[in-house]
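In the two complexes below, chain A is the common chain; its partner is chain B in one and chain C in the other.
Let's look at the complex of A and B:
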């Protein structure tokens, strides 16, 4: 069973760790603990692809949200098979940090699939269709309005990204 | 006679008259009967009509009411029709007015069209005059162009003629592109002939460029090359120091306490690893786990866990691999990107993790116990072994850690129980071990032989710049020398330096000559 590295990036406090913990451990905590440096999680999942069930091992790199020096971010992202960019729906200025992170991923991991998580859907309204379409057009990404708290759309986002990594097709979650 | 005829005629008339009379009387009687029947019928009809007239009164009233309703509806419809007619009249008047306006506009447009047509006609007349002028100029220019083309063709022919003369006169001073085309067809044949007739000169002329190219390629692919030759370099170094280490081991063994011999004997007799006995007796050095990691991504490529560590709680190997890659990244970043900053060892709970790396891979060994002095060089060896095994079929264990742990010389940290029985047991175990390790001795001989072949290559300075490798072919059970040498003479010299008969396994040459032949 082949392992794939997936990096999870985004501004601080947007819920990167919570999303990963929801997917890997199916738990959620309201208490905020900042990630320093990088934290690694491993998860084995079964992905339906081309009519068969494929087992895949994911090593998820939960990367610190504070701006990192370019060299350090490069080291973290090297060799990743895909990335998830996380944004916080409650923040009025959500788009700009997400765009920065997604641009970084595109530059360092060209051709690798990107998933975009618009997180905290449980406490904020969904964005307008035009904003979602703009992100989708710009990055060709999978987009999901997620809630790490309720678990809405979280496993699907990771699984659809994995499908793309494995070469399958997946649409908007 | 005439009278007789008249009488006869009269009689006939009377007879006919009588017949007619009878017929008339019959008809009158029939008419009278018919008259009676008609009267009776008339009377019956009258009676029926009277009865009908009596029942039709009610119907007539109903019909009258319906007629009145229909009349009212008709009057209403007529009023609506009248109103619609009035509206239509009004609409008609409005349309007539609009039509008048349209007509007026059409008239104005017509007038403008006429004016424009007149203007265009005037312009066309002017343009026709200009076109005629242009046509005259065009004809004149065409004639001139034709004349110029004729001259150009003539000049081109003259130039081609001159070029041909120039090419014949002095090829070196000619256009390089033409020169290449001129020479190319003959060049291959010329090189082949030169290779046959002036082989040494050709080799000495071309070899520096080939070597220069190879060097450039080596510089461009430094990382891949380092990884590829690392086991070979290691083999060279190892072969040089193996002998010294063996001598040293022998001397140390003489002075060592008997604990290790006892453990080894226990291992042989019970089937349990000697390291297990030592682990039980003391704090032995054990490689618990080996991981080969992709340096950039931290993805685990292969791993192996010793049976000595089976059942113990161990960190998840995928997470550990990622963590090690990240740590190595920090170290490289902190100490520079030259590769000198690689982390070689760190402690993790009660274990020590030894690290070795190539530009693309990392080998991590999670060990416990007191490390022997030669641990660093043994870890170097293991990296080479892991890389070689990874390049193979990928099957089996990464490093065969249990064999390694069993073979690892371990200092248990002091003598104990040095008894006569112990010495005897140790001696017996040594004999068993000697027989058991016969295969390893053979392997050591082959390793030494590879080193001696490499020394034979290194002894000829002509071969120094050429890529030559020596490896053991497991399938053919042979030592294979492959690569490139400059010429036949160098190859013969190499063959003479190899002691074919002394080798424990056949030696095969897979060598290409720069001059083109293969051996």
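Let's look at the complex of A and C:
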């Protein structure tokens, strides 16, 4: 069974590690611990595709956060099958670091599917429809307002991205 | 490694906890040198080093360039390693080097953590500072507006009184005395209204504006408010009409505040309308069950930009009406409506009149409440 590499990128402190740990381990911690370099999470999931349950192996790359994608982020993105760009809904300046990260993904991984996680939905209101539509149109991305704390929309975003990686269709989360 | 290549020597000099894995074209481990982790010969190297998954194309290059300074398995807290891949120029073998970087990682991680924590704190402080500056600016604008609004009628009062009390050989004509007295009276009324409005607005802003709800009949309130404003309207040549819905239902609201909403909306309409214009008060029960109260006029209407100004405290886009009101009416109406969970909206366009719509939720209707 082929494994697929999925990178998770974005500014620091937006909840990349928390999202992955919610998806892979179904745990959450309020304690912030900065990620250095990259942490790899191996995960096997069962995803319904075209009416059948398929087992998929993923290697999720939790990449050190930064407001600007640096050399390391670009290097770590090499060979990824898809990417999740994470933003923090509580931050007024959420959009710009997300746009930079998504632009980097587009440039480094042309044609690979992108998921956008607007995270911390449990403590912040959802963005207006126009902003979401703009992101969706610009990057053709799957978009979800997620909460790593409650788990809302987290597994679905990873699974729908995986479906796109495998060539299946997935609706907007 | 046994062939003594430059590459091997470098690896062995870097430290004991280094693993060098030789792999073949099919990613199968051919040879392991080192004393640290278990990488079985004959296994797919990607199982032992998952960081290589997805890098097959790069590994197939003659001179692959793969350098990863800090990689760890997040779910097992495995020792962080630096990974690099190089091709032995003598044997053409591909070597994957894993170097234990625990010590560097511990130091770097602390630095990154502190940097991120400081950056986040800095961003939060900057956001708090911006919010405080905005609040301060709003307060300054508000105080400037209040001073201006108080000063204008006060100047009329003082100026008029000064003229009346000035000793003069020939007394002022009666009509002049009357005119000055009227100006002083009107300015006093305006001042009182301004002070009342300011108190209401201040209470609303601080959450201290309370309402005393009871079941009340809107028709009676509307009749009363139309009677109050009709004299002023007719003096301006403006007609006010009331178009009630059949069987206007009782609503659960504070009658005094509903009167205030209506009075403000009717006064605003009278102020902007020209002689010959008409104002209509309409009530209806929407399909959703909401009770809808509309004050509609066929006055000059306003643009979207002017409407935005009009909805702000002291916002008076029309210079003609500026001297005739406090500019707080709509701001207060919005807050009073909100206290009743009612939606307040305005439909208008230049030259097309204006409709101020207050929509009380269905739960506030007697029918919905089972009365």
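Quick notes
By definition in this document, the second predicted complex is superposed on the first by the 168 of 173 C-alpha atoms of A that agree within 3 Å, B and C clash if a C-alpha of one lies under 4 Å from a C-alpha of the other, contacts with A are read in each partner's own complex, and residues count from 1 in each chain.
Assume contacts are C-beta pairs under 8 Å (C-beta built on N, C-alpha and C of every residue); 3 or more make two chains touch, one makes a residue touch a chain.
Quick caveat, the model's predicted, so the values are computed rather than measured.
The superposed arrangement places chain B and chain C in clashing positions on chain A.
After overlaying the two complexes on the shared chain, residue contacts for A:152 are found with neither chain B nor chain C. The partner of chain A that touches more of its residues, comparing chain B with chain C, is C. Look at A:160: by the touch rule set out above, it reaches neither chain B nor chain C.
Contacts of A:13 after superposition on the shared chain: chain C is touched, whereas chain B is not. Of the two partner chains, both chain B and chain C are touched by A:75. By the touch criterion stated above, A:106 is placed in contact with neither chain B nor chain C.
Of the two partner chains, chain B and chain C are each touched by A:42. Contacts of A:25 after superposition: chain C is touched, whereas chain B is not reached. Among the listed stretches 59-67, 185-193, 239-247 or 347-355 of chain B, only 347-355 clashes with chain C once the two complexes are superposed.
Residues common to the contacts of chain A with chain B and with chain C across the two structures: 3-5, 37-38, 40-42, 59, 72, 75-76, 78-80. Those residues of chain A lying in contact with chain C across their complex are 3-5, 12-13, 17, 20-21, 24-25, 32-42, 59, 62, 64-65, 72, 75-76, 78-81, 91-93. Remark: chain A residues 3-5, 37-38, 40-42, 57, 59, 61, 71-72, 75-76, 78-80 touch chain B in the complex.
Note for the complex: chain C touches chain A at residues 46, 50-51, 53-58, 66-75, 80, 105, 108-109, 112-113, 115-117, 119-120, 123, 127. Residues 294, 296-300, 316, 318-319, 321-323, 326, 329-330, 333 of chain B are the ones touching chain A in the complex.
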